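Look at the two complexes coming up: chain A is in both, with chain B in one and chain C in the other.
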Partner chain A sequence: MRILFAKLALILLLISVLSGCMGVESKVLDEINLATAIGYDYVDKTHFEAIAVTPLYYPDKTIKNITFSSKSSLSKDVRDEMNQQSERPIFSGKLEVVLYEKRLAKQGIFYLIDTLIRDPSIGTTLKLGIVEGSSKGVLSPQFGNIDKGIYLSNTIEQNIKMGMLPKTNLHLFLYAHYSEGMDPFLPIVKALDGKVYIKGNAMFNSKGEYVYQTKSRENVIFKMLYENTTSKEGFSTKIEGREFASVNNIKTKRSYKISKPMTDTPITIDLEIKALLREYTGDEVTPKMIKIIEDKMSKDVKERSENLVRNFQKLHVDPLGIGEQVRTRTRSWDKKKWDEIYTSIPINVNAKVEILESGVVE
Partner chain B sequence: MKRYSFFKKQENHKSTDFTDVLEHLQKSKDFTSFTLNFENEIYCVSFFDTLIDKDIMHRDLLPYLHTNSSTLEELVHNLPIEGLVFTKNPAELQSQLLMGYIAITLNKSDQAVLVKAANNTSRQVTLPEVEFSVVGPKEALVESLDTNLYLIRKRLPIAELAVEEIIVGKLSKTRVAVLHIEGIANKENVETVIQRISDLRVNQIIDSSYISQMIEDNKNSPFPQFIDTERPDRLAAVLGEGKVVILVDGAPHGLLGPSTFFEYFAAFEDYFLNWTIASFFRLIRFFAVLFSILMTPIYVAVLTYHYELIPKDLVSTLVISRSGIPFPPILEALILELAIELLREAGARLPTKVGQTIGIVGGIVIGTASVEAGLTSNVLLILVALSALGSFTTPVYQMGNTIRLIRFPLLLMAYFLGLLGIAISFCFLLVHLLRITSLGRPFLEPLYPPRIYDMRDALIRLPFFLQAKRPIEVQTEDTVRLEPKEDSKE
Partner chain C sequence: MNDKSDQISPFLVFFLIVKIQVGVGVLGFQRIIIQSAGHDAWMAVIISGVVFSLGIWGMYKLLNRHDMDLIGIQKRLFGKWLGGLLNIIWILYWLMVGISVLRSYLEIVQSWVFPQINTWLVTSIFALLIYYVVLGGFRVVAGFCFLGISIPSYLILTFYFPLEFTHFRNLLPIWDHSLKDMALASKQMSYSYLGVSTLMMYYPLVKHRNSSQKWAQLGNLTSVFLYLCLTILTIGYYSEGQISRYIWATLSFWGIVQMPFVERFEYIGIATWVLVLVPSVCLYMWVSARGISQYFKMKQKTIYALLLILLVVMTNLIKGRGMINQFVDYISNLGLILEIPYVLFLVCLSTVMSNKKEDKK
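The block that comes next holds the complex of A and B.
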């Protein structure tokens, strides 16, 4: 018995005394400032300005954002300088969104992303984005009774789930960057009186430099080509003269046909699109008419897809991961050789639109 | 069979003669001894007023003493009562007198006859209070060992039900009965129990819980190793499983062993309900226990160290509920946990009628007021209240207490080391549970050692026809309890 108590006492003593030496510092939730969004703005070639948004929660359930900003050439310095402004230490473990200004992205953002990768408290489901205008303009206006970082993250998430954004986060960005035969892309946001507006996708080349922005009509096409999707977002096609048809609730299936990888034989991408007809400005929708709409749409999608892919080839970026597809089908993968032939391989898209429902009209 | 296990060496009054014994007992005021003269025979009748049933004496004994009988044998022949013992041993005379016997001595004989006339005043068999069930039998054990044995024996009217009686306690001379079914129960279990009880060298056994604390395998463990039950139907059922039951005179609870950890979360009512419903209730109980042990420590750990783990939509709720609270999460949690424990303790100590006010005081004053005063956060209040509720779902009272106790070390470890501390202390707990045994049988069975068959009645309860064998845990002599149909043998 005495030995038992002695053991117990020793264990308790060790735990309480040694927990001081283990370097576990307490970060009590309400005694720290949680940065939920960080934006980087271009100042000059070597300097940037960082803006951090942290929410302040008031007991009456209102949430106000405070922003800290600092100019530097190193993220670490930025954090120190921000801490000098804050009454409570700023922690980045709940970081939801990191934004980079377009001008900064043109120079390459990898040296800025590095700090996010090194910090173990930052999760890889963090969302990255490119800002048109300044990130200060996006982050500093107060929007409603919600924290700006969470608002931004929810907006992007919602558009991935239901809208036109393909799945994107820090993990996928890094995967695309480090894998051979694939280049990363990020969503582009723009400030719109307090709110934000998702404009499209920004394409990066293999060096991590921003090179191209998708146009609004290209976004849905890009998503369909990038992954198998189920989205609420739709597209419309001109049928004849002033007649338009639009579909939504799209389910797509995409498959690659690469007969001879690593040669310049054509690559075919098959797109199977199943959709619901939501709008048609013409007369009655008969089965015959549906057939016509399907054909027109298939042709339209094919055209738009091939244009987009050609554009990517011209810019020598590969956000769709065509190189990745080739790499999985060959043993003689050679990155250098692929980079040489990528721009010249003919890439065809076969689209097949199927309309499952034409809606309730009567 | 009776085993006398008290201290013969220390017996002070080594009486040599009946008269010495009687004289010695005369010191007590409630001891009565008188003589009756018939012709030339002098009977001496002695007894303790307070121990005997006077009806028996007046109705069945005294009238027959008038009849003409010159020897004790003749007298006994005429008496219409059973339970007569002849003795020449003065020590036995004394001990039996103290058990409620009437002694009759004849002046010229060196023998005495002992007539059993014990006053069996005991409570009526009532509804079970601790283990109440909506369906099923509604009888509970009482303080009288004989009544309790009756309650069990009427459920098992077989010759194989063996009852061994041991007298324990130098002062209390408590009758302890060990029950098992011969041919089913493992002899090793039975012998272990009997040996441990016989070896007890104590003055008093007041209740069955004394026995359970003294004969447990690991006496320092906060976990009980014998299930304590007040239901005779449960006792009869586990006897059929091959377990050993201990009943103590004066205790309205019986003990049963060997037991496993999971049995403590099985209410006996589970067997009265359909197996799907019973399994669901059991799973809820396990969840409640895990919640009860881990919720407050996780709250403290996450709020103190791991803010990253909080979902983004929950951050604002937590921060807002904690804003303006001057204490760190650990103090806040300790204050609330202690408040709940105080409430429980106060409720248990107060008489029932006063006890009702405790609910009001606890609910309104401590709950609402402490949140309004900004001393605790309402999120934590909900968690603490739920975990207290969770600990009360445990059907066995002793296990409920254990669960409330082990929350506190976990809480402190969560404060010192965060989730790592919770993991460490949970490992300690698991290792402890793996090490303890009940009557030498593993406590964490069927989890470890993994016995798939016994899992049919652990976390869930499968239907009776799927439990054709008795639990492996008990190592019964006869394993089959559901005999196959005659025709299925062909």
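The block that comes next holds the complex of A and C.
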């Protein structure tokens, strides 16, 4: 009996102690605000304005997005100030998207990203983005009956899977930023009547400063050069006069040929593109015509790719990771030397377009 | 003392070895070795694994010859006083490793899950659990070690998630570092394999102990394989500059895990890790207590109670990352000397001495 009492006493003691003095704060979902998207806007050289969006779920299944904003130069200060506006404490455990205004990105955003890595409650699948205009304009309008953060993250995710965006998230951004032969890039979004519109990719230099925005015709090319992909989106080429052809459902494979790394010998990127013909404004599509379209497209892709790469070289950014390709082929790699020769190495692209199907009509 | 009912089957040695080698270190060993040997760090994992295989071979050589535990062997080889001193060093070492394991785990809990957690209370609860296990005797400890591997082994599946973002090209070019770098990385890697010396204490409790070496070697090999996979995955998943920023690279893998029903997988992983770590602490406590009980005529219960009070107090006195790191460094440096060179020295010494005895006969 005595042992039983001792055990009971111990259990009672533990229960009382476990809940009270453990120093474990409970965060009940109904009693906190979970920020799903955060945007940073430029104010002046040392300050920024932060906007956080948290969804509020009503009993009748409507979702309302509430925004908080505050100015500061440290992002955790911002959170304190937002908490002063909120009836419930704000947490970042469900953060989906973080946006930075373009002007802010020009100064480098890395000091703002630090807090995202340091905080263990934020996962690395988080999407980052650059905003044309203000992030307030993207985050504050209510759009449909959906949580804004999830809406943004779905939009980006959808465009990665199907569209022209290459894979991107916080982890890949950090990977590129910290690697020796690669520079990061992020998608650019823009507010468009309460919706968002993904415009392209923002390129960053090795210091983490935004330097270049891809134009709409370059996006698909960039994706093909960046990774082996399968994409629903395609591209179009002018064949002759008013004849255009466009392909979709493309599957690409890229491979590097670097015969003598770290020298002036040209680097060759081979692009193998397999696609379906989606639209052709000319006459009948004959096997002979397909051959012509393939050749024209190969030439076009080659030209556009080489232009894009040359652009990157001029700006001294390397989002494609050509440096990484060279590094993994070189013994005792010297980053400084690579930085010096990168801008002057001739980089050729060989594109080979293959049209597999031409739709359901001849 | 060693009746049949207290003995374990030889295959459990496999689990005991894996258990003691795969502990808290797994969560963050990559950063240190990659800082020294870069993308060639995976070779260091193999090299130091081979060294430990050699160490286990040495231990069996020693144990099979004398057929008693380390305490007895040192007493016989060095006499009462010097042997006693060396035994105290070993016992203290095991005790301190036990403490450092628990402390490192608490640090992870503090920085990932509950920053304001009351460490006194948590360690006390852990101490009660450990007390309960070790009082059950060695068979219970060994069984607990078995569970401590089989239950958390599902975590291996989660490493599928980072695979999507892995650039295996990073492994090239192979052997791009100097021998000195590799030696340094191998030394640093050995910290993760430490703990096999506990074998020398539970050896008398293993059935068919003379032939159990294959299980021990297999255990070591399994640990090497696990560490190797993790290292290769780390090299591919992180860039070299990036890894130097992550203290717990393995934990940070889980940042990429996305499942519809769980937002942050780290919390589940860290909670599961209790099962990985408590058995090792139990084993260390059991080993130290067994050593102590051969010197002091005390009840087992009292010894364990004293040890666990020491565990709770020490764990709470060591605070902050700097102090924890320093403590762990001291212990592992001591361990590195004791577990490999010293054991091999003992093997030589015992060979020489037994040869002399035969000469006299």
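What we mean here is this: the second predicted complex is superposed on the first by the 343 of 362 C-alpha atoms of A that agree within 3 Å, B and C clash if a C-alpha of one lies under 4 Å from a C-alpha of the other, contacts with A are read in each partner's own complex, and residues count from 1 in each chain.
One rule holds in what follows: a contact is a pair of C-beta atoms (placed from the backbone, for glycine too) under 8 Å apart; a residue touches a chain by one contact, two chains touch by 3 or more.
Source: prediction; values computed, not measured.
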item	value
Contacts of A:I117 with chain B and chain C, given as first, second, both or neither	second
Which superposed partner A:K94 touches (first chain B, second chain C, both, neither)	both
First (chain B), second (chain C), both or neither touched by A:K127	neither
First, second, both or neither for A:L4, with chain B first and chain C second	first
Touching partner for A:L29 - first (chain B), second (chain C), both, neither	first
Chain B versus chain C as contact partner of A:R329, first or second or both or neither	second
Partner chain in contact with A:M182 - chain B first, chain C second, else both or neither	second
Partner chain(s) touched by A:L174 [first = chain B, second = chain C, both, neither]	second
Common interface positions of chain A, toward chain B and toward chain C	22, 24, 93-94, 121, 123
Residue ranges of chain A in contact with chain C within the complex	14, 17-18, 21-25, 93-94, 117, 120-125, 167, 171-172, 174-180, 182, 324-325, 328-333
Chain A - residues contacting chain B, complex	1, 4, 15-16, 19, 22, 24, 26-30, 32, 34, 36, 55, 57-59, 61, 63, 91, 93-94, 96, 121, 123, 147, 150, 153
Chain A-touching residues of chain B, taken from the complex the two chains share	220, 302-305, 307-308, 310, 312-313, 315-316, 318-320, 322-325, 328-329, 413, 416-418, 420-421
Chain C - residues contacting chain A, complex	111-114, 116-118, 121-122, 125, 165, 167, 169-170, 172-173, 176, 237-242, 245, 252, 255-258, 263-264, 266
